[in-house]
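Look at the two complexes coming up: chain A is in both, with chain B in one and chain C in the other.
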Partner chain A sequence: MTESSCVWIYAVADDAASALTGGLIGVGGGAVRPLSAAGLTALVGSVAESEFGEAALRQNLEDLDWLERTARAHHEVIETVAKERPVVPMRLATVYSSDETAARMLLERAADLRQALTRLAGRSEWGVKAYLAIPDDGADGPQPEVGEPSTGPGAAYLRRRRDQLAAHRDARQDAVASAQAVHVDLDRLSASARLYPPQSAEIAGHCGSMVLNAAYLVADDRAEEFGAAVTGLAARHGTLQLTLTGPWPAYSFVGQDGTEDAQ
Partner chain B sequence: MSEPPTATASYHPAIREERVALVDLLDRVLAGGVVIVGDVTLSIADVDLVTVSLRALVTSVSALVEGTDDSRENADGRWPG
Partner chain C sequence: MTYGNVATPSSGTVRRSGVAGGPQTANLADILERVLDKGLVIAGDIRVNLLDIELLTIKLRLVIASLDTARQVGINWWESDPWLNAQAADRAAEKSHDQQELEEENRQLRNRIEALESGERNGGSRGD
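Up next, the complex of A and B:
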């Protein structure tokens, strides 16, 4: 290669995964290949240092189009392999200077990574989000001032507006309580759970406030039960709109060093 | 994992989201995954990628709202550390 390249790591799996990389295309349009060491196989790809080196990454990660392209490419590789074998996904933008340094990481982390693979085998991640079923129409916004005139059309409007806001506040409190009940039920069906901060309505493009953004690690043989539970909870909690995503590779359950469940 | 539980889709057609939304993906690939420091990305390992991506998202949303592309402003000093 005329341009200097480095090594992007997608995930770590067992050696059986090395047969699954044929034809896989990853970030930057490069081929995905297996890199085996210590009885483990990392899914890696060579990427141009000019785009994926440290300095370039710092800039590119703030470019939403680049970020989306790269995140989707990273995910597609991991998802493809995760359909066949347990994988420990790497955080986006884990880059090594060479196969040698990447292999050294595998050797150093082999015990932790193997333990994580064992824990994730036969399990998948599911995402559940809950929104307020009605638009959250300014319930948190400025309140009408107390002490306004108590008669006349202005006062009637203010009373009406106050009642409206109170109703929205009540609906929101109900929804938050329902979301907690939903989480407790789903947690019971899961090996592990992780709560993410709610996504902002503006960014995620939904209209009601998000009151739950959770990930659950569910045994594959309980996935149908889990999906049915979400459906049942959606019917029981009319104030909430529930969405289910998955199965995901277990991004949310590999902790900082691949050994612990993120709490 | 040899049999992915795709059959669940039939249980909740109204609830299941078919397309992977970018926000859900970013939650996972930026805040999830194993953080192992690559020797090329030493300093990035300490950076909160979620904050970085939120900034990118907010910039893009506000650019949409205002109808202007201000994504290049504040080009300096946006990274902590």
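Up next, the complex of A and C:
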């Protein structure tokens, strides 16, 4: 039964989290269970090697449908537990061959993990994005009209294009400057901050260009203040439309080795 | 001439979407950004070759934000921000390639505009 399964780790938490796994379903539809060692509890699940073993993973990770399903399942487990206890989320596809080897990892990393849990306690991640609040034709302008006079459709198109770009350049520069100002202000209210590259409009499901895509680690007792600050900044910077998501588990703040900031 | 789809600009607004138990499901890009790119990286003993994940992440990055597009509209300031970013170096090779392509494209477009405009001044005749 266990010969063809391996151990998927969602996150590491303290021992109090072991009571939170009841009924939780994770990747591959498998149950989530606690695995305790060194005074820490890893949230793990047994997964089929045929789907989550090395060879299978390499293929499956390239399959966007599989990836979405798995990413959402991974996230939902982490999110559920993070509502109750501080967690150190593991990157997707952290897989061990057995409970023993997973427990050994907990032992080896115990000090770092405990330190990270302490740092994340009472804090959550919030996502803030800023979009240009103006119609943005930068990526795909209107099509040139058919049947233009002899000046040539190419010339007309290029002229129109150039004028459009010029007209929008100033607005964009304003928006980018505003986005930076927003970031500076929100950074002050945060324990830590991370900037991500903007997402493309298609993926973000939003028509304006994204000019800020940031994550902030905010103390839970300042979450309201943080939200109010975002609202205030939105009012002050009319060129931007802001979105606020959260609270997230602190994905962006566990770093490469569980320490705050290697940078 | 007006644009095809002028969205009503709702400036100065905040769209709030709850993630935890909120009314809106977290969007996939937000989740992928976090679970693939962030989170604690510890190599399990089932080696999903980390290199494979890095490659996938780079591919997703291209989907999530076309660096070309970002640079064209001048929103690549995060790349040089000191707050950022461990992966800047990883992207350097890719970046310089993109940059070269962009510069080349710009050059060609400028040449075309010049050629077309001088064509106009000469009464539309093309002196090939």
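FYI, the second predicted complex is superposed on the first by the 232 of 263 C-alpha atoms of A that agree within 3 Å, B and C clash if a C-alpha of one lies under 4 Å from a C-alpha of the other, contacts with A are read in each partner's own complex, and residues count from 1 in each chain.
One rule holds in what follows: a residue touches a chain if its C-beta (ideal position, glycine included) is under 8 Å from a C-beta of that chain, and two chains touch if they have at least 3 such contacts.
Note that the structure is predicted; figures quoted are calculated from it, not measured.
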{"item": "Touched partner set for A:231, first chain B, second chain C, both or neither", "value": "both"}
{"item": "Partner chain in contact with A:152 - chain B first, chain C second, else both or neither", "value": "second"}
{"item": "Touched partner set for A:176, first chain B, second chain C, both or neither", "value": "second"}
{"item": "Which of chain B and chain C A:242 touches, first, second, both or neither", "value": "both"}
{"item": "First (chain B), second (chain C), both or neither touched by A:193", "value": "second"}
{"item": "Chain A: partner with more touched residues, chain B or chain C", "value": "C"}
{"item": "Partner chain(s) touched by A:133 [first = chain B, second = chain C, both, neither]", "value": "second"}
{"item": "First, second, both or neither for A:122, with chain B first and chain C second", "value": "first"}
{"item": "Contact residues of chain A, present in both the chain B and the chain C interface", "value": "6, 9, 12, 49, 52-54, 57-58, 61-62, 67-68, 71-72, 74-75, 82-83, 88-97, 101-102, 105, 109, 116, 127, 194, 196, 199, 203-204, 213, 227, 230-231, 234, 242-245, 247-248, 251-252, 254-258, 262"}
{"item": "Of chain A, residues touching chain C in the complex", "value": "6-7, 9, 12, 49, 52-54, 57-58, 61-62, 67-68, 71-72, 74-75, 79, 82-83, 88-97, 101-102, 105, 109, 116, 127, 133-139, 142, 150-152, 154-155, 158-160, 162, 169, 172-173, 176, 179-180, 193-200, 203-205, 207-211, 213, 227, 230-231, 234-248, 251-252, 254-258, 262-263"}
{"item": "Parts of chain C lying in touch with chain A, wherever the complex brings them together", "value": "1, 3-7, 9-21, 26-49, 52-53, 56, 61, 63-67, 69-70, 72-75, 77-79, 81, 83-86, 109, 112-113, 116-117, 119-120, 124"}
{"item": "Touching residues (chain side chain B, partner chain A) in the complex", "value": "1-9, 11-12, 15-17, 20-44, 49, 52-61, 71, 78-79"}
{"item": "Contact set on chain A toward chain B in their complex", "value": "6, 9, 12, 49, 52-54, 57-58, 61-64, 67-68, 71-72, 74-75, 82-86, 88-97, 101-102, 105, 109, 113, 116, 121-125, 127, 129, 194, 196, 199, 202-204, 213, 215, 220, 223-224, 226-228, 230-231, 234, 242-245, 247-248, 251-258, 262"}
